[in-house]
């Protein structure tokens, strides 16, 4: 049990941070954090209010989907998180919300166009949207297949270049190297969706940000040549 | 009087929860909770500020519309609540708000299309809108007839499949098995109305959610096969 | 001075209530309250932050526009308030804000259509917008002429039927029998402007509320036959 | 070091005021304040959360771009601030935010039209938008060139007449005689952008405010003949 303590704490801290960001209403949202050495991830229990969560409530699930520690039922979205941890080896945390502007793009079956530098600070291009699930996929293993269409969407993209996706008619999933960073990305996603919706309201034919500026801003914050913040990576 | 104490407390708790949800402005909103064995319901008094309400202020009204306990005048919407308790035997609580996005759909005389899974978690299809009241109905017994057009709208629908409705040019009514749950549904309604309005702004021709996904999400949370949350129903 | 104490207190209370309603930003807003027997009104001083206001700061101005008590300069909008007190004998308080949705309709030179019952609870029809001021009017006596075009707009309307107006390209003025009630009306105006904008976004051809329902709702709250709230008027 | 104490305090106060205005999310925003006699400006350090900032964290940079005091790395936008201090001799403080409505206009490559008096109280005409940077400018010295296109945009305008600009596909910069006043202008900019977006939603063909009213409102608050507030300038 003590093996999972720090994992539970990180996962708990990220989950309880969600309501303060304004990203979630009611119990619409969950965060998981994995430990690849232990081969498990911690995830929020299903349908529990954020203000009642304690670290011990986080459910520990292995990469085969078995609950290995914890007395509560894990989030019903657990198979989606598991599929992402298996499909994207470079990530440690997954966040799912129903934040309103990101959901609106997902419901409109529209990617979020890269209209400005706020967007490019986090995403190296437009934020993609998945294809619809087939009736068979919904029937068979819905939450797992939700993860599958996400991984499929990234077959020719690096999930670290766009650390978020819109599941069509559903909503956003974001990810990152830690619970805290994945929540920040989920918040940035909602902000850029908000700005993109307003941009389209002013000018439905607004131009995408030029490729050189996308690269400039994304690489100002990511990778070996980053020069934003107080520490130099690489 | 002590017969009504727990009813008043549940009704009071649900009414004072309204302002915290952001669903109501000024005194635009009220909740009732009924006890079918006693044949009465508790309802908010008319035009009293939420922060001054105490449980004893809740007015007890019987199913014939007579005030049977309480010193204040009941909400002017009382006949609408009464009509719903009579018409929908499966419900225990009714919530009326003027929440802004739901009102906008009501004023636009437009149902709220089922664009995504957030919606389908609460409503098994688009949220319907009533027909307009006739001048005669407005003249004769306005608030009762408002309940009548709601019940008429559900003549071929189960009110538990769509636990909310939009009264045309007026606003939403929601219901449920308890004051707390009915308020949650009123909040979910406002959220999905908000998301639907934004969805239409991005894509006026957005597709409805496929029937299989509507069923999947609604039944994930409702009925015998539900698997969301910590307890298994049925 | 003690003659003006209760007037100053009512005016102060209404002014400091403005920021809590979300109606004003920075110092964009002011309330006046008049005493017709004394022939004066109290008004907010110009450009003072709401959180620093004390009752003694309220400036007392007579109906000829002379400051009769107080050490600060009155709001630059004082002549507009004075014109309304002179033109509308039935009112005691005037509120001016730059609340965002009401300003948007004023800037669009569009009345706020009566789309629903929330609106009709406060206004007996669409909320009117004034004509533009001429360059000569702006030059000569700008703030007084602003009051003039408002009074002109009501030449064939009762200012108690629509206790608010939009000054074209400027913003809303509201009024009422007390500072508290005038602020409530200014808040209701912003809410119905918000709902109207959303209604038009969903359905640009939305129908106005039928005349019988406008009358029903307005008279449910106003006049001898009112039956909303805890006390019966008339 | 004590030479910079008051400069750091003014800069710190303005930076920590940003989150309370709602203008910034995460760490998207920074304020600088210059002392032209000392030939330096204080600026926020890069990527530090507002709630952890203390005055001593403010970095002191000279007009050649050298850090002359402070242990942290200055904001990555420092060269833009420096360019503005050099190009606009009449300003003392620069504020950069990613406030959502102003960003939306910047992303839409649209100026903010002067639709009403709220706007004209702060800006003597529409708020301009810069041209796009060339790929070469982005490559060579991105943040400095961002300042350059701003200065270029004002080649035939007085920066005190429009104390803010939109950098295309990026966001707003505002300025003023003090940190406090520049933040106020950044807030006013966001408010008028918000109102302008709503105005266009109601009436895409809305008229600009007449020149006489723009002049009236701008000069009511600025210049020798100002008569707003408690002190007479000039």
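The first chain written gets the first letter, and so on, giving A, B, C and D; residue counts start at 1 in each chain.
Basically, contacts are C-beta pairs under 8 Å (C-beta built on N, C-alpha and C of every residue); 3 or more make two chains touch, one makes a residue touch a chain.
This structure is a prediction, so every number in the text was calculated from the model and none was measured.
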{"item": "Type of chain A:chain B copy interface by residue overlap (half), same or different", "value": "different"}
{"item": "Distance from the mean Cα position of chain D to that of chain A, given in whole angstrom", "value": "33"}
{"item": "Distance from the mean Cα position of chain D to that of chain B, given in whole angstrom", "value": "47"}
{"item": "Shared-contact residues (touching 2 or more other chains) in chain B", "value": "201"}
{"item": "Pairs of chains found to touch, sorted by chain label", "value": "A-B, A-D, B-C, C-D"}
{"item": "Residues on chain D engaged by chain A in the complex (per definition of touch)", "value": "25-26, 28, 45-48, 72-73, 76, 98, 100-101, 103-110, 132-133, 135, 138-139, 142, 169-171, 197, 200-201"}
{"item": "Chain A contact footprint on chain B (complex, rising order)", "value": "115-118, 184, 187-188, 191, 194-196, 198-199, 201-203, 206-207, 209-210, 212-213, 216, 220, 227-230"}
